[in-house]
Every structure is written in structure tokens, then in C-alpha cells.
């Protein structure tokens, strides 16, 4: 008898995806994370375009992390064309990036992950038992959105950040508000973090893996760098990203796959927090120490709490960052050459994001984008396979939710985190 | 009055429109209160796909056979179908004119034609290429205010119409100096209003993300931009980005006519 | 009309004094542009000529809620705040006079009327630039339509009191005013001479109604229609354009319907479109023809003067150079270098 | 400083009315009889009006549109409309039941210059929905029959089913004091007892004193040209030929500008124009 467990989130990993688990007898034969999301051929669309056009196009790859896409795209262009942005530009980008992390993490942690652990279908149903937490989550999300709106122009696909600088700089009042609110919201996320301590974290999928993240040159915990750090100790310059990613295509997905030295690896908040744990400080470090243990290296569920810790980290950093922005000088930087190649790497909320360009005569000649979910898919399949096998051994019938929760822990793009479960049994 | 039953769906796109619905933090609970939400997979796992709907909001372009099946399914069970966002209304950036045929592009990215066997990919098209669409809300992404207005009227049983005027009108309401006069490549005159002229108000030329306005005078805009020193290639590229499927055809003809 | 003099160093206290009437608004430079904004007297740009959007925005804002509807009742809670608008040049005041006649003829527009009631208009003299042609439209000086009018003579300003309300405002600022002397008058006359000589843009608008009327079938319109972007800029920036549209919206949060009123334009595609999709002015050339015949001919027969006040906003705003000057010149078959005249007429 | 005084009356504010009666005149045209909920109100609605004027009918959430009053002021208290379902507002109107509310502003427009028609022969030509404003004038003339000379009413429709007020006109045809001729372009069911052919074919019945006749035409734009030619052939002066025009209108009071033609605002300078106006204002038809 073949049993096929099919979990179809009518939703996306960058669109639509589903998990298929083929079971024969008591053996898991195959696990496939299907990506139905239609192909959008972004690498081809940007060819022949000017940098500013490419930036606008590629930020449309994903709405949830458009800002990261925009930042890595801008970074790639700036490195290709030798553009040296002003200090203020860099700091403002950092602030916008924090905004995105706060928005995305609050949505994922509170509204999508916690309901699972606590046994609710969605955040609205969770409202009754956890009103403060849900309201706090909405507040945090709104704040993150507002930060992006102020600096990037819109909540989604803002056009204000461009190669070399900004369309307009945010006003003093807005900056002041950003700093004030960050201080006010710290207790909210700490309340959210406290919930984690009460949860039982499943262990039926645990296994070792490799992690990768950016490795900021300034020695701080951060989301932008020109170096990649891998948990085996390797440090790669951004331009050599292919040594990490090695993209390939599988028949059941329009999203490509990645392997490092032939093995799956993981990127995302968990990778960042583990690889840069020494660089955490403040309350964020305290909470990390409180919850950290060796299982973090083997269990993707900890990605959720890693996000909450990062969220706290961002809020704590914002007031000082705003001060620095107010003091910094601004100029609009322009390219020093019109041909060349460059790679921009940043951390999207869900992991390492790479944009690579070759520019000729001011226009894009070749482009390559490697997105976090692409890098995580093989690991997602791996963990689901292990979990399915272990759960079957234990004789569990209802295995869809546990499997979904693994996928969801990777925050593959929020819609994937909600789902419609369909079990197809074949005899 | 009975609560209208609605569903919110996504085909191929970036999910930005659904996300911007979730971004209506202050109004979200109200929305859940006014409508009976039968399916909104991005926000809730409680979905009832059997129910018939008063209104279906569909985001994304039709880019695979599965998209097409889903869309037909949604059309069948819904009284009113709203195309939401640039992808659904015009086809999205993925349907832009790039001067080569789509199959060729596809092979370049995926190596070979049948590299992915899951479902057959289709050249991306807007919903109206396949089914009847009752109302549109363009935008890449849609904005909160226009969405709430649209949803509000739908809740009252009225099918809203998108205004017929371009971004420039809103740009003037915001008291901006026209960027075209500064020699910038602003797409305002060819672009649907609704965003509130966000970009020109920030000093950034509009890239046209609300899609081409009906009966746009793009010949005049092209003439103007050439006078300002832009090349035909520059202009075609810029027009293409958010031009969607229909403008892609116009651009092809335009270039062919040039060559003759 | 009563006339006073105001020492230069009393200008700011004078304006601050007027705040006793309401919020103080005036021309403020923001980067390359000038807009009417709420500001302190020191922030006003006294040399500024034309703001992007004229003062009509104070009398009927670009977009506002005209009526509300809930529980089967309509409500109109439009209550403009009291404002002092400083820095209106003669052309703007002429435009407001046209606005006034238009909005009070037959039916008085209540929204306009309330804004008018809530506004104190303080004019300011100006020196023309290359695009001003109020000289040709007969609107370079003004005798009515303001409450106070200031003429800048350098070290002092002359202050005309133009209305009972202006007179009343002297209670607030009378203490800064002094009586005029013979020297002030002669300086003013000399200033007028210099100003009149400063107009560089020469355009002849005489006989315009007839010319436009007889050019109804001129190929010029067709040519213009090809170049017009239908962007609506010209009508939004024109101080005498009045068209608007009404649209119902439902405010989910407050659970009430809003009937929104917003600036509309005759160059927009659906302007003359009626049910069933029939469009009386499908062609852009037809819509432009309406624009110019209405402005230059229609108003003439209604009010005895064209509705152009020579402010030059269309001249500096239309991306393709369609404006009163270039249209008039083209219809007169004079030479123009306007951009639109260069667009090749080829079949699309 | 002085207090700002607001006028209480806002002509944009619609007044509530109740649908008293409604029935279908043809497949897509419905008759509505409505009564003001507050009949004493004189502003922004008044119950007194003249034939040829129109009201703005307002439905919250969809907006407003102009509709000719088809009832006669000589039978006061009620407003009657016949409305064709063509778009958003009209579809919504068709969803309403008797006793439901709608909202009115008006009357607006110049209306027919009834006082100028007194003592003259009257010649009315209606096509399609044009019967709506003409019915008002016709009923008015019939109620004040002794004020006018001869009275001819010509009415064309595409098929018998499309003829507005068919039954009513059958009745009126009985009256001896005026001549009513009805025609249809086609008669698919073959039971039409009267003339067939375009409305201009009815001119053969008309016998009026052209120098002392007021001629009125109301119908779809294409009809005007042919009917006007017939009027001219009869020798009726331009200034005595009246027609009602349609344009997009948002306010009805000469403000929104959307009905402007040349220097005429169709909503206040019209909707009734003479042939002389039409010849002198380019673009009116």
C-alpha cells in the first residue's frame, strides 16, 4: 500500500508550494516540496535595463522581503559600478532593513508560528486567549511597516531607495518618532519571547546541518556584509557565492535548489543567531542565553525564537542608529564606471540573499539571484523526511501538521505558513 | 443584511497585494467583521473552498496551467471577480516586453524546456485574458486606501470603477513640480492613478507600477522623451516594465514599424 | 479705498498680528518649487511669483468630503478653518474674482462660500518674469477682491484696504500702519512705470474669442491633440479652472458613506462620456478645443472677459508646451517654438 | 472678529423620497412614481417644476445622475420618472422596491418655455426614451388644452414592445382634441394596429400653421437631424424648434463643468435648446 500525504498550502514559497510525502508500508519513500508558483524569469527581465530599472523590477520578486531584495540589488550595482554611498545613506538603509526585519518577524513569529504551537488555526482565533500578544504583534508589525514607509517610500515595493542614495530623506519628526516608538515596543517583544519558554519544542526531526549567513566586516551582528560565513568555518567573499550555492533545477519545482559540498544547508534567523551569537548584546543576548542549547544546531523550530531575538535586537539598536543618522552627512553618489560586475549580499528576514550583476555600458548584461528559500528547500525536505519516518515509526496518523510546522519554521514566505491539508491515500 | 462571502486568492506573483491587505492593521479586524471570509490562505488556515462566493479577490498572473485551473474554479463559484494588483490586471512585470519570445527566456533560466514537470508553465497573462473580470484594482502593489474603498463599496453591493485619470492628477494635487520638465523619465501621464503619486512626491519619477491607463497617449510621451534626449531603447525598456501584456504588443509593433 | 504705509521692519509683526483672524498661509519655497503653505512670516518668499497650485486650493481643496451619509441621513460637516492668505498677486486675485462670480451665479456653491467667508485675502505686488503676461490679459493690477493689498516699495510697503473685512482687520494690525505722504505716492507711480516696463513676454490676446471661434475646424487642434498627454496638469494649475467630479466611497471603519468632491479635468478621457460608453469628445483634440474655447470664448460671452489671467502657470507646466500663448500663436498662424508643434503628424 | 454665518441650505444635499409605484414600461425601462418625504421642503428640492426640467436622483454608494421629470406640474405632489437601465446607478435603482427610499435634488434645467408656446400650435416628436420629458409637456398641454392651438404628437419606437407608455397613448388617442400618431420600425409579432416606419413618415399627417408653431423633438441623437429637417421643410423658424440634449452631469447647477459645450452649461442653459442655439454653439449636437 502506498500512502501519499499531500499537504497543499494553496500558497507560496515565493508563491505556491505543497509537500508530498510518499509512504510505502511503514517507510517514507520520498519527500517532495512542490513549488507551483509560476516561473517569472526575473534574470531575463532585467537584461538590457538600467540599474534603477533593475532595482525596481527585482524588488518585485517578493513582497514580503522586497526591501532586502532592493538592498542587495542596489549593493550589487554599487559594487559593479563603483558607487560609494554616503554614510547617511548606509545608516538609513540599515534602519529600513531593521524595519523590514521587525515587520516580517513579528508577522511570522506571532501571527503564523505561535498559533501552531498553541493549537489555533490563525491569529484571530488566538486573540481570545492571548489578546495582549496579538495586539502587540499588530503594533510591532505596523511599526515595522511604518519604518519602511518612511524610509523606503511604501510598505511594499517602495521606490525611494535607489542606487547612490535616496529620492527624499526622511524628516526629523519621523526619525524622532521611529526612535521613540522603538523604545516603547521593547516590552511587547519581551512579552512575546516569554511565551516561547512555555512551549514544548518537538524533536522528531533533529539532525545536524550546515548554516550560512553574512559576516559583517564591522564586527557587529548585522544583516549586510561582503563576506559569507559558513558554519564549517569557511569565509567566502561575496563574489564567490557560487561555491556555497551551486544552484540546480528539480522537476517538481519552479524554485531552484542549492547544495553546499553536495549537502543541504540552512540560512535564516537561526543561522544568523548561531553564527553571530558572540556579537549579540543587550537584552537580546540575555534572551538568547536563556533559551540557547545544543538542539538549536539540529532543530529548525528554533528559527522562530531566533527571529524574536533578532526583533528585539533591532528595536534595541534603533534609538542609537537614529542619532547617528541625524549626525551623518548625505550626498548622492554616482557611478565611477559604467561596466563591471558585482555581487550584493544581504540577509532577508528568511536568510541569505544574493544578487549578482554584470553590467556593460550602463545596462544589465547578466544577472543571477539566489533567494533564501531556494537555499533552504533541500534542508526542508531533509527534515520532513526524518520527521515523517520518526512519526510513522511511532504510529502517528495525523502527521500533516508536524510536517507543515517544519516547513513553516523556515518562514519560506508567509503564505506557505498557512495551509490547506489534503491527505490522499492510495491502495 | 447578510455578510458578503469573500475569498482572497493568489496566482503567480509576489503576494504583495495580499500582504498589503494584511498590512491594513487598523482595519483588519473590521474587515473580518464585515465580510465572511471563506478563504484567505495567507492569513488563516480555516478555509472553505466549497462555498460559493459573493466576491473573489484574485492576485497574480496566470502563469501555469494550475493557475488557470484555479482561476476558472474561482470564477465559477464567485458572483463578482476582482482582479487585484498589477499582475492580475495587466500581467505583472513577468509579462513585460523583452524583445524575445517567452519560451526562449524560459529555457535560458531553467536549462531546458521540460526541466520542471509539475505543471505546464504558460506565458504570464492577466486574468481578463481568460475569464470575465468585474472590477479591477491595479497597483504593484495595491495600496491600503484604495483597497479599503473598493472593499467598502463591494460590501455595500456596489461594483466600483477605477478612475480614468493618470497619476499626474494626484501629483498636482500634491503640488509637485513636474519631473518631465526636469528631463526625468516620468511615467505619470501613462499610468493609472490611485497610489497618490507617491514617487513623484519623493522626487522619484513614476515607473508606472499602477499599469497603463486606458487610451494612453504613449506616442506623445515617447516623442517628448526623445526630445529630452532618451534613445528609443531607453524608452521601450521603460515603457515595458509595467506595460503588461497589452503594451508589450504595442511596443513590438512600434519597433517593427521603426525598422521598416 | 483707504491707503496706508507700512515700514519694512513692521511687515513681520503686521503679518503676525493678522493671525488674530486665522492661520497664516503664504508662498514658501521648497527646493525648486514654491507652494502656499502654513508658515511663519519669516519663512515667506516675498519674491516668489507663481506657486505650483494657485490659491483656488483654499476655496475648494483638491479633494474633500462634501457629504456624509449614514442611517438614512445626509450630513455636511465641511467647515474650513479660518485662514489669512498672504502673498496673492493681482492675477491670482483676478482669478479669485472669476471664481467668485462662477461659484455664486445661479446657485451659490456652499463649500466655496464657506471657504470664502473663512478667508482673509492679503495681496502682494510683484515684478513679472519671462512667463507672466497679465499685462496682455488686463489683470496686472487689481481694484477689488482682496481685503488688504501690499505694494512693496523696498523700505516700506503701501497697504490698500479693499473690503469691510479688511477694514475690520485693522483692529488687529492698525497700530503698524502710518498715513501716506506725497513722496509715497510719487514713488509708487515710479514703481508702476518700472513694473509695466518689466513685462517681457509679448502676446496679443485682442480678438481672441473671434479667432478661436473661427478656428473651430483648424488642423492645429488635431496636431495639439496628438501631443497632449491628457495628464490634466494644465487644468489643475490653472487658477480659473473649476471642473470637479463627485464620487461615493464607503468608509469601512466609520461605517459611513462619503461623497467625495475632487478636481477633475476636461482633458480626461471620461469627461464627456455618458452611459453606454458614448463619448462626445473621444478625441483628445476635441477635449483641448473645449478647454480653449471655454476659457477664451465661453467666458467672454458670459462675463465679458476671457478667463485667462496671465499667470503663466500653463506656460511653465505643460510638459509638451501646450498653453495659452502657444495655442494663440498657432491659431494666429504665427511662429511658435512650442514642443508640441514639432511632433510629426504620422498615422499611429 | 466677526462670526462666520453658514447658509443652512446646501443644494448638493439630497432630499429623501419614497417610491410609491413602479412598473416596467419596456424590457429595460421602468416607471417610477415617487413622493417627497418632506413635501414642504423648498430647498434643495421643490415640488413645483416646469415640463422639461430634470432631477438629480441620488443613491448612496453609487452616486447621482440626472433624469427628466415625466410627470406634469399640473398634477402636483408626485414626481414620475422613466428610467433605462444602462449602468451602475440605474441598475441599483432597478433593485429598489415600492416604499424604498431614494434621494432627490432639483428640479434643475431651464425646462420648456411654456409661456412662449401659449397660443401656438404644438408639434411634438418623440423617439425612444425621448418620450419621458415630452410626456410632461404633453400632459401639461392636455390639462391646459385651451391655452394652445392645434396639438400633434408623433411617437416612434423600434418595436411595439419598446414603446413607452403604450397603453397610456392608446387611451389618449381616443381624445378628440389632439392628434396622436404612433409608429414602430418593426413589428415582429405582427399585431401592431397603427403606422409602421420611421417617425418622420408620420409628418404626412401634420397640418399646422408653421409661423405660429412650437416644435419639440426629443429622442436619440441620430433622430434629431432627420426630424429637424422635416420641421424646416414645414417652415417652422429656428427659434421655435426646441430639443432637449443629454450630457454627463454631476451637479446639475452649472458648477462641475462636465456638461459644458462651448459657453453653454447644458444643465442650466439647457437641457432645452432651440435650433438657433444649436446652430450657434458648435458641438451641441
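Order of writing sets the chain letters: A, B, C and D. Residues in each chain are counted from 1.
Methods note: contacts are C-beta pairs under 8 Å (C-beta built on N, C-alpha and C of every residue); 3 or more make two chains touch, one makes a residue touch a chain.
Please read all numbers here as calculations on a predicted model, not as lab measurements.
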| item | value |
| --- | --- |
| Central chain (by mean CA position) | B |
| Chain pair, most C-beta pairs within the contact cut-off | A-B |
| Distance between the centres, which are taken as Cα means, of chain D and chain B, whole angstrom | 43 |
| Chain A and chain C, separation of their C-alpha mean positions in angstrom | 52 |
| Rounded Å distance between chain C and chain D, as computed from the means of their C-alpha atoms | 38 |
| Distance from the mean Cα position of chain D to that of chain A, given in whole angstrom | 66 |
| Touching two or more other chains - residue numbers and ranges from chain D | 61-62 |
| Interface hub residues of chain B, defined as touching at least two other chains | 26, 153, 156, 158 |
| Pairwise chain contacts under the document criterion | A-B, B-C, B-D, C-D |
| Residue ranges of chain B in contact with chain D within the complex | 153, 156-159, 161 |
| Chain A-facing residues of chain B, complex | 9-20, 22-23, 25-26, 28-29, 32, 39, 41-47, 49, 60-64, 66-67, 70, 92-94, 96, 98-100, 102, 105-106, 108-111, 115-119, 121-122, 124, 140-141, 143-144, 198-199, 202-204, 207, 209, 233-234, 237-238, 241 |
| Touching residues (chain side chain D, partner chain C) in the complex | 1-2, 4-7, 9-14, 16, 60-65, 86-87, 90, 101, 103, 246-248, 250-251, 253-258, 260-264, 268, 282-283 |
| Residue ranges of chain B touching chain C (in the complex, touch as defined) | 26-27, 30-31, 34, 148-149, 151-153, 155-156, 158, 163-166, 168-169, 172-173, 175-178, 180-181, 188-190, 214-215, 217, 219-221, 223-224, 227 |
| Residues of chain C defined as touching chain D within the complex | 20-21, 66-67, 69, 72, 74, 76, 82, 102-103, 105-111, 113-114, 117-118, 165, 168-169, 171-172, 216, 242-248, 250, 257, 259, 264, 266, 271-276, 280, 286, 290, 293-294, 297-302 |
